[in-house]
Structure formats: structure tokens, C-alpha cells
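Chain naming follows the written order as A, B, C and D, and within any one chain the residues start at number 1.
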Amino acid sequence: MDYQNLLENIYYQVKNQPNKGELATYIPELARINPDKFGISLQFLDGQSYNIGDAQEKFSIQSIAKVFAFSLAISLVGKEIFKRVGVEPSGNSFNSLVQLEYEKGVPRNPFINAGAIVVADILISNLKNPKEELLLFIQKAAGKKIEYNLQVAQSEKSTGFRNAALANMLKSYGNLENDVENVLDIYFHLCSISMTCEELATSFKYLCNGGKLITSDERLLTLSQTKRLNALMQTCGFYDEAGEFTYKVGLPGKSGVGGGIIALYPEKFTIAVWSPKLNVKGNSLRGMKVLEQFTTDSQLSIF
Amino acid sequence: MDYQNLLENIYYQVKNQPNKGELATYIPELARINPDKFGISLQFLDGQSYNIGDAQEKFSIQSIAKVFAFSLAISLVGKEIFKRVGVEPSGNSFNSLVQLEYEKGVPRNPFINAGAIVVADILISNLKNPKEELLLFIQKAAGKKIEYNLQVAQSEKSTGFRNAALANMLKSYGNLENDVENVLDIYFHLCSISMTCEELATSFKYLCNGGKLITSDERLLTLSQTKRLNALMQTCGFYDEAGEFTYKVGLPGKSGVGGGIIALYPEKFTIAVWSPKLNVKGNSLRGMKVLEQFTTDSQLSIF
Amino acid sequence: MDYQNLLENIYYQVKNQPNKGELATYIPELARINPDKFGISLQFLDGQSYNIGDAQEKFSIQSIAKVFAFSLAISLVGKEIFKRVGVEPSGNSFNSLVQLEYEKGVPRNPFINAGAIVVADILISNLKNPKEELLLFIQKAAGKKIEYNLQVAQSEKSTGFRNAALANMLKSYGNLENDVENVLDIYFHLCSISMTCEELATSFKYLCNGGKLITSDERLLTLSQTKRLNALMQTCGFYDEAGEFTYKVGLPGKSGVGGGIIALYPEKFTIAVWSPKLNVKGNSLRGMKVLEQFTTDSQLSIF
Amino acid sequence: MDYQNLLENIYYQVKNQPNKGELATYIPELARINPDKFGISLQFLDGQSYNIGDAQEKFSIQSIAKVFAFSLAISLVGKEIFKRVGVEPSGNSFNSLVQLEYEKGVPRNPFINAGAIVVADILISNLKNPKEELLLFIQKAAGKKIEYNLQVAQSEKSTGFRNAALANMLKSYGNLENDVENVLDIYFHLCSISMTCEELATSFKYLCNGGKLITSDERLLTLSQTKRLNALMQTCGFYDEAGEFTYKVGLPGKSGVGGGIIALYPEKFTIAVWSPKLNVKGNSLRGMKVLEQFTTDSQLSIF
């Protein structure tokens, strides 16, 4: 199949429609992004690679980074992690305290905010320099230098009252081992990572490749962990729109409020899209369209 | 791979563990089933077929039949169906009124009870003899005569106050077009269908085969509808345990409180398991174990 | 104090403001009421009596009748009633299924719909001719002939899907002894009773008089039952606005969606107001204003 | 009536029953209280005063102090306060985040924790030295020196993650003007106040006396504010047991997890009870019994 042509068709078709949706505005770094930024990177395990539009411009990957944090945590503690966080879709918005209270302090899954806060706590308990080692893990996946955006981390912190509420609630249920402040510090840094579409598509290849880096064959996760993490992205990767994404796109993936979406077909390819305007569920509106069109046209959904 | 050997190993390994869990007891027909019944049927599209244990004994497929009803409904009305029922996992137990109220009368998905009741309503509005035509659809999928169990249907009706509550609530929200009583009649008949593991595995082959019957090449659903229905089973097929099933098994599937589970790998195989004792989430305890072990050992998960 | 003058001042002051709010429209009998109807009846135990406006015109007292049904039920079964219905304010809208599910089928109090349906069930279980005997009880309280409005009862039934949902849910939790249909029949008749403000104020005098009829000294409730029923009206008589009513008016009372409100000061007086337009919480907008003004001006709140 | 005799009878009758319930254990200062402490103080506006048992021993009044904080706040800002906190019973446990989320950051009433945190924020915004001036207000009501227990305040802080969660959530909804930390500091100090039953009964006399101090005739609240505050205690003073308390006792009042309960009959008397063991709703078990018995025997309920 001529993927370059296929992607270009989709790209321009979507680009020519009105750019609907809303920017995330809770921090200035997201609010002032040029809303017309739009990039796609498609990368096959066999080396084929296609970039379109702003695929080489950095953006805030936000919640997508939760996949790296969870990967590192499960590689450290294995199944023990599921004593503290579940694997069920949330059925509610991504930072719901209601859900957390209903579930007695055990977050539904590691990709809602409460779950990622627990994951951050696990990293602190199991690493000497959690902030540095988490970044090293991401750099290993990306095959290059990746950085926290300290300004974004600071902004997240200064407006993150709801995450502070979640962390305090987790603490009240005994599901945080470390100080609330320290845990939130890791969490806010995690959310601050910047990548390009191309870097993002590259850095998710280990999940496409059974847990091993393409470049060095180094194993980051076991095959079983990898399959299960992919399954988890399928059911929980898109907040309260995971069903919609699964239904329409049919690939495991993860989105972030910076407008990025990553998806992958096991053993075949990864695809990253970036367009900052979000639908009402908090997922990139154009990103969703691109991916739905791509799997429909290519018939490359896993179902 | 020697699937006969693989399945036998799993079957005996699971059978030799204590038979935990509880029978469904809300109707006598389920309560008095021999709890040690245990069968598996694995059928590949290429014709390979493996049956173990009680694979040729009829049991009440219960909610699994919702997949047939939804298939028929979407083949009749297409995407219009999603004005009346969603595609998101429920995040709550399968007959929750809370969820329904929160969502203003639009069930989260067609596989929770409220959603299947709406599907039944759609069948009545679009078919001359809905009860007969639904059965014909199932018979076509199965390639043989399948019947409602009228005694089960009657028992469902005489204890089905919670489903009557759901139907009345849907009616109050304007999301039922037909009389509550007529809709429930279809619904209770739908839940009463009996099949063997072998019949079940056979009858789901159209979903494995891109929407077409294996036997005649007749198309029941479009390719796109089929992929999406499979995706829907992945996120919503196991009540509040859909995440767990996806995580551990990694195949789209559907369970019923009769102890049956069907799962499938698109373009490869279908697999049906029956063991009547249920875990706390209402899914066959041994069935879950068999499928987890099968995809782990065979590495045949879609992720 | 010159109550005639006081009431007239309040009446005209409220009447001269724009007549805001909305009529109940779910049944035609309520929807086509003249929205400008407005009456007040104030009656002291010592015999003083003041009627203003449309105080002698019949209207549908709706949920106010739940107080009579509960009175009769507690006189029949005593404290046993609290095994099946609570005494706590609902904190949610008056016909919430969420609350009922959360509380496992025990309605929060006898004045929300679910609670009144349980009360109707108790009447059936304890009376030979429940519909007739309930009416006789009300006639005794009113000291005159009072009737069900059969047309209203029929309309309630033909639109009462939400109440049917509640009744079926109660049945599913084992908190209805009798057939859903029979229970709803009593319930819908209960809601259909018509009275004038004057009749309403008269018929609540037994609750003002320690449980005894003024006219004959016959005891309908014990003193303790009476005090407790008044307390219950205080905390639960106004759906999700009970706090507001207590805060602003400071009298025990009960409202109905027909626009009627009854309130009373133990051992002193009863006061009934009728104005059909409702606020967003479902209570008579002008009725609330009249009562707030009355207790503020007269300082006759119980607090 | 011989109140000394009446109270003694009730006191010994309750004391002779097994001392059921549980101590609050979340801070050591409450956990190590002698669970058999038991005191009553009844004080009439006309000067009659009755103390029994440990009525002159200090205990932690905990949430009872929220009444003082609310009194001071409403005396400062008047009705404006109701833009930020409601007057409806909560229908849920006293520190529920669910409720707060459902209500979009406006606490249901000023006596649940979230509401009292908003009240603390209002005090900071309107007072120069809020901690000192709040204490002065309480001392004025008590007519003597009252102190914060700094050790209790510190313990509350070091375990108060749930309150920190509530405060952060209020902040995220824009319903806190000041720093989370400062607001919680006032809140935790407020909860730390110690009083005896006698002091408590004395210090609530202004609410019994139309808003004025008995001793000096100085007005702390207007008559209308006083009546409304009493009404608010009636519907919201006992967490999720306000209905039960109203139903059984029939007096406005407030409880604390230190085992104290204050109740009052407007223009007649105040009554304070202390017994540290709590029922499952968090209210003093013996305290509830004493008050129910007292209003039943004396017929001194307001209903």
C-alpha cells in the first residue's frame, strides 16, 4: 500500500475541514499553542517511516507519558502493582474523585490521574533518583535525549489543585507511601515532557515489538507485560472515550491534552498524531479523525 | 501448534483445581445446573476444530445472545443505533440504574441490560415478527436449528423486576418506542437461548470472518460493522470486568451468567468455554482461567 | 396580631410580583391549570380562620397526600415501618433511582416517591380495602367528603414510567410484598386527591393537635408519633429543598407538584397555600414566598 | 417538672446499659480518652442549671465548633455566604468528595467538612487575625477563657489528608480565596477547641436567646439569623443522621466526633451531653439516647 499517499490524502482532507474543538487552557503553555499545528508520523517496524506536516516539532505529550511511567513501574514491581491500581476503564472523566471514593482509594487504572499518581509513588519507593531514572527510561525508548519542560511542570503544579486533591485522597486511603508533595512533583514533571510526533512514534516501538527496543534488542518489558500494557491502552487510553476510540479506530493507544495521540498495531507499526484542539472528552479532535480514517482506509485495525 | 494437546493440558489443569465460584441462582433453571459441567470448543476458520469435555451439551447462553440481537439491529438501522445506545464500557455492574440515570436514559453500550432492552425495542420497530426473525438470524449464524427455551424465558420474566425497572426508566426518558411489556418479552426470550459450546463457536464465525458466513459467503454485516462489533465486545463484553478480560486474555468476547464465554481472534479462530460457576463479577470463573491460559500459552492474543 | 391584615399584605405583595416558575406538565390535568390561581388558608387551633384568594377552590394536592398515607400506615404497624423506609432527607431529586440503588432498596424517607410506594404496599398488606380505607382516613381528618380524581389517577398511571421503574426496583430488592401493579394503583390514586386550601389546612389539624381530631378528640396518632411525623416533614417534606424551606420558613410542612404547600406550627396553627407555578426544585414558587414572609413578619417559626 | 430527678433517671438508666460504640481513633488525643466519661449539662434561660456526671470536664468539641465559625462568618458577610455554601442536608457522610464534585464545588451546608473549610476561608478574607478573633467570639459566647488545643490541632493536621483533599478540590472549583494551607490551619484549630458540657451549654445560649448574650444583652446575631441558624442545625447538624436526630429528639443541635452533642429549645434551654463512644454515623451513642429519652419524657421537643 502507498502509505505516503494514503496519509497525505487523510492529512489534507482533515486539514481542509474547519479546525473545531478547544485548546486546553488550564496552563498558559498549552493555551498559547498555535491551534493549527498538525503533524503525523507513521513508522513501521520494518523501517518504513512517513512524516507529514509538523511531525518534527516538539509539543507537550502530557498524559501520554503515563505509559512510560507505568512501563517502568511494572518492570520494577511486576504484578504487585495491581494491588494498588486496577485495569478497568473508568467510565467517568479522567480526574474523577467520585470514582476514587467509590473504589475506596484504588484508582480504576494507571492512566487516569489518580492511577498515575500511584504509579509515581511506586517509582519513588523503588528508585534512588526517580525523576532522573524515569527520564532515562524515556530516553532509552526514544533513542535520544528527551527533557522535562520545567516551565510546564511549574505551571502544572501552580494550578494542580485537583491533582493535589486526588493525591491527598489517595494518602487518606493509605494508597500513597511517600509525601504528597514529593509524589506530585514527579507527577507534574512526568506530564511536562515534550516530544515530536516522530520521537513519539519511535519511542513507542518497544510496545510494538514485544517489549524490546528495535535498535539494540534490549528488553524493557516481557512479552506478556507488553501485550497486557497494549490491552490496557485499548480499554483505558482515552479517558471516557476509550470505547469510542476502540470502536472507531480499533488500535491500542493513548492521548494527552496537549493534542497528541499515539496508537500502535502490534508487530506492525506505530502512529503519532498531533493537533492541539480537543473534543469535549479531552482528546485531539483532528487526531481522532486521522486515526479513524487511517484504519478504515488501510483496514489496519486489530479487530 | 498441537492445539488438541494444548487445550487438553489447560482443560485438565483447570479441572483439577477446586471448582470455586457460585452458580447464578436467580432462576431455577440456572440454579440447578450441574456445577461441574465444563466444555471447550476451539474452531479455526480454516476448518480445524477441537472439542473437549461437555462441548456438545446445551446450556443457557444468556447475555451472549445480545451480540446476535445487536448484529441484527445494526444490520437493520446502521449507525442510527448510536443515537439510542453508546459504545463506552459501563464502569459499573451490568444492570445499574445509577448509570442509566446519570446518562439520561442512553445506555452506555448495547451489552449491558439497559442497552440490550433498547436493542430489543429497535428490533420490534423494524421487524414484522421480531421474535421469529431474531431466531432465524441466530439459526443462520449457527447453521442449524436453535430454539428459545420457553421455560427459561418465563422464569426470567417472573423474576425480572430489575429489568422491568430498567425498561420503565428507558420509557420515562423516551428511549423506548414500544410497550414496555412487548419489549421485555423479546428481551427475556433473547436471554433464554440454549446452545452447545460447539454451536456457539460455530455461530460466532461470521464475526471472525469479516461479517460473512463461512458456509455460504452470505454477508450478515459489513466488514466495518464487524470490526467495530468486535471492538465493542473488547471494551464492553464482560460487564465490569472488561478491562480485566482484555488485560489477561486479549481477545474480543462476550460472557453470560449461564457460565458461557465466547471469544475470537479476527480471521483466525473462535473459542467457546462453558463452566457454570461464576466469579463475583458474574463471569465464568473457569472460563476466564481457560482463556487466559490459552492466549498466554499460544501467544494468540490480538495485542 | 391582625392576621387578616398580615396575610392580605403578603398576598398582594406576592401577587403583584411577576408570576414566575413553571406549571407541572407531565399530565394534562396539571398542565392546563390556570397559572394565576392563588389562595391561602390560615387556621388556628383556637378557631380563628383566615382565607384569602382562591382558598376554596379544589386543586390536586399530589404528594401532600403522602402524609395521610404515612399517618395511616404508622398507625397500623408502628415502628415496624422503619425496617422498610428511612427518615433521612434524600439529598437528591424526589424520584431518584440512584439513591434507591445506593441504599439497597430502602427508600430514604416516606415522602420521596419510592418511600410512598413502600407505604402503599404496607397499606395493601394491612387493610382489607386499602383504597377505600385510605380515603376514609383522609375524610376523617378533613371532617368531610374528599374524593380521588379518577382522571388524574389514570393520567398518572399512563405516564408513570418512572414510578413503575421505582416500584419494580423495590420489588427486585424484596421491599414490596404485593404485586407491582396493585401497589402502583394505590399510589396513583393517592396522588390524585383534590382539596381546597381550606380543606387542607383543616385536615392537617390533627398533626397540630398532638394526633387528635379537633372536632371529636378522636386520636389518629399517638403524641409521640405526631411529633415525629412533624419532625419528618421538617427534614424531608420539600424534596431537595427541605433545608431551604426549614432555613427560610422554619415550620414543618409538605409540598406537592400541584402547587400546594401545607405547613404547621405545633399546637398553634396550620397554613395552606396554593399557587400552581413551581420553582426548579418542584415546589410552589409563590407558596414558598408567602410562607417565608409569613414566618418572618409574624416571627412564628418554631426555631 | 423536677429536671434534676428526670436527668438523673435518664443518666443512670443509660449508664447501666453496656457502653457500646467506638471511640474516634484517627488522632491519638481522641483514641486515648476514657470511653466511660459521661456528662450532661442542662441550662434554662431563666437560670435553672443542672449538671450530672462529668459535666465539668473538658473534652474536644470538634465539629460543634463549626457553629461558632458559621455564626461569626454570617455576622460578617450576611447572606452573601450562601453564594459559597448551601443549606441542604448532605445525604452522605460528612466529608464526602462525591457530593462536592456533584455540586460543582459548592458544599451542601456549612456543617459538613467542606462547608466549614469554606467558612474558614471567609473568616480569613474578612478578619485581620482570624485565628484570634474566632477564639474571642467563642470566649464571648462562653463568657470565659476558651483555648485551642494545639496538640489536637497538630494531630488533625498530620492526619488530615481527606480535609486537604476537600480544600484542594474547593480551590480547584474556585471556592477558596486564600491559600489551601492557611485555610486548613484555621480549620484544624477550629476543630481543636476543648470545653466542658457546662461551658458548651452556656456558650450556645445566644442561639437560644434570639441571638443575644444572656449576660450582657449584646447581640451576636440578628433574630432572623439566629432562627435560621437553628433551622440549619436541625436539618444538617448530625451528618447523615440529621433526619434520625430530628425524628427522635426533635431539637436543633450539633454533634462532634469527640462525643459531644449540643441541642437547644429556642427561648427555653440548652443541653450538652458528652460520651465518647460513637455510633456508626459518628454521633455519640449515649448522647443520642439521653436526648431522645429527655425529649420523650419531658415532651420538650419543638414539634
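In this text, a residue touches a chain if its C-beta (ideal position, glycine included) is under 8 Å from a C-beta of that chain, and two chains touch if they have at least 3 such contacts.
Being a predicted model, the structure only gives us computed values, none of them experimental.
The minimum number of touch steps linking subunit B to subunit C comes to 1. Identification of common neighbours of subunit C and subunit D yields an empty set. Placing every chain at the mean of its C-alpha atoms, the farthest one from subunit A is found to be C. Note: centroid distance subunit A to subunit C, computed from Cα atoms, is 55 Å. One inter-chain figure worth recording: subunit A and subunit B are separated by 32 Å, centre to centre, where each centre is the mean of the chain's CA atoms. The mean-CA centres of subunit A and subunit D are about 47 angstrom from one another, to the nearest whole unit. In subunit A, no residue reaches two or more other chains under the touch definition. Here subunit D touches subunit A in the complex through residues 96-98, 100-102, 161-162, 164-166, 168-169, 171-172, 180, going by the rule given at the top. On the side of subunit B, the complex with subunit A involves touching residues 86-92, 99, 108-109, 223-224, 226-228, 230-232, 234-236, 240-244, 246-248, 250, 252, 266, 296, 299, 301-303.
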